[in-house]
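Structures incoming, each one as structure tokens.
In what comes next, chain A is part of two complexes: it sits with chain B in the first one and with chain C in the second one.
Up next, the complex of A and B:
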């Protein structure tokens, strides 16, 4: 019954937009899937869009922290995007700070942060430029919505 | 009153959704909705993981002219031997952060804990509309 959260690759970046009500099982599956994909695809950045999440409880917060930590060890940077203000307030009151997790207000800003760190949505060193250029365009329109 | 069994991870999500529906119906603010739903999620997970399953009873209550959402989580699990330590936070027997009880207590207006070793635990929380 465990749902899977889709992971989309855009150049060097893996984009995850959580659109389901996360069960603990789905949360753990996402954590594993994402770690595997970072290695398998040599990703340099992860954008985790949680704007659709109405709550982030301690279990989901731990997953976010773990993903940020694991990705760092695997030489990828995680940016968490779109946390709702009520969720941020609730997390703080719950006693969770998500310290050390990089955040951005929207996907555009997250892409900009990763680009400034040399982790772009297009692969400069990639011969397969047709594919990566297209992916870069997708990144832009996707982030602008 | 809505009664939900808590026997698997999917049930925790269903408790969350039921709490959200009631918080909306009780016209809690967005922040208070988020707080009570988060508390319900933490407590439902506690019931599942520490209590070995149980139930949640959710309702809209009116007392002294106030309206709010009340949630009662019950299990027949091992109980909590050291309540002050658990409520202080950071203490966990399972693979968690130890924030379930201590954290959810901070998110609600009223919090009652009844526990007996070997017999089970009941947690009652209330969030009032402001």
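Up next, the complex of A and C:
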């Protein structure tokens, strides 16, 4: 039995915090679990926290792109959060992209991005009560070069 | 004792022919600098050295390491530090000491006992080595300072506003420097939780495909982490070069000045700068 990556639901958003080294099998399981959860929970957004990942190889980079693609088809936006500087440098040097996934520095900013796209963490649409810090937050893609 | 006799003889000769030995020495040193220094300058610097040496020799023993020669060593050290900073060669510096031997030997003349000479020679060699060491040490410290300054120059990441960083790039961007700049920028992005970075290339003399590639890599890495980069300081000539080389910056914002870039950053961070209504009381 391989390790499973926990998926936490916060309102309409699924938070995936990857804390273990991703083997190919774990990665495929995560992809499967996540798409099932998006459908089951009716999620509108996915936040993928990779701050614990010290190594991101081409396989994981492609997996992130695939997860984003799958989520998109299921009407959920994916935001990748907390990539380490060393990982970013390596990916840039290798010329690997995450396939146009949105990125953010931390989960606060990711929530703000999703909120600005009308995908709030809360199910009721009481966006106005949220803090205004991230109101003008930009959403940018990590894949475009 | 032979050495003591030698010392006495040297002191005797030095005291008797101080002026003449000094003149000969200064002349030799001036010649060796090949016009980089005027005679008066050499004289002003070396007279205290000669006096200090004489004072030291009066103590009775010729040994460059003795406390009696502390003053002479300090003066010679200062002399070679100056030479190192002014860009003299090592031999031009060391010759100042060795010329003293020739000057003294000429004046000792034929009546000197052969036994006197090795001790004196050793003494001068000791002083010469000291000069040389000081020279090398000052050169090294100059190089060390320059290296540090260069590194500091190459990687300043400054905070312009909450969440907005700026990287003023100065000098040619090669892959080694890109690496340093990239690391500094990304680390600061995380440390200050900034979502915007302005890369100012006003100080970059030329942008070719190589430099553009490095810039794009840095911006790409920052984007992966969730930060937006704006390039500023694109001069008209550089803009022409970029277009004629066919470099494509894609959807990256490029601005002519840092002010323009800051405006863009403010805009996307949802900030606004307004003029306050003028108050006249």
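Keep in mind that, in the parts below, the second predicted complex is superposed on the first by the 122 of 145 C-alpha atoms of A that agree within 3 Å, B and C clash if a C-alpha of one lies under 4 Å from a C-alpha of the other, contacts with A are read in each partner's own complex, and residues count from 1 in each chain.
As a working rule, a contact is a pair of C-beta atoms (placed from the backbone, for glycine too) under 8 Å apart; a residue touches a chain by one contact, two chains touch by 3 or more.
This is a predicted model, so every value here is computed, not measured.
**Q** Regarding the shared-chain residue A:98, is it in contact with chain B (first), chain C (second), both, or neither?
**A** second
**Q** Which partner chains sit in contact with A:59 here, chain B, chain C, both or neither? Use first/second/both/neither.
**A** The first partner, chain B, only.
**Q** For A:81, decide between first (touching chain B), second (touching chain C), both and neither.
**A** Second partner only, chain C.
**Q** Name the residues of chain A shared by its contacts with chain B and its contacts with chain C.
**A** Of chain A, residues 84-85, 87, 89, 93 contact chain B in one complex and chain C in the other.
**Q** Chain B touches which residues of chain A in the complex?
**A** By the definition above, chain A touches chain B via 1-2, 21-25, 54-59, 61-62, 84-87, 89-90, 93-96.
**Q** Over in the complex, which chain A residues touch chain C? Could you list them?
**A** Within the complex, chain A touches chain C at residues 80-81, 83-85, 87-89, 91-93, 97-98, 102-106, 109-110, 135-138, 140-142, 144-145.
**Q** Considering the complex alone, what residue numbers of chain B touch chain A?
**A** 9-10, 12-13, 16-17, 20, 30-31, 33-35, 37-38, 41-42, 45, 89, 96-97, 99-100, 102-104, 106-107
**Q** Quick one: in the complex, what on chain C touches chain A?
**A** Contact set of chain C toward chain A: 179, 182-183, 186-187, 189-190, 193-195, 216-218, 220-228, 250-251, 268-271.
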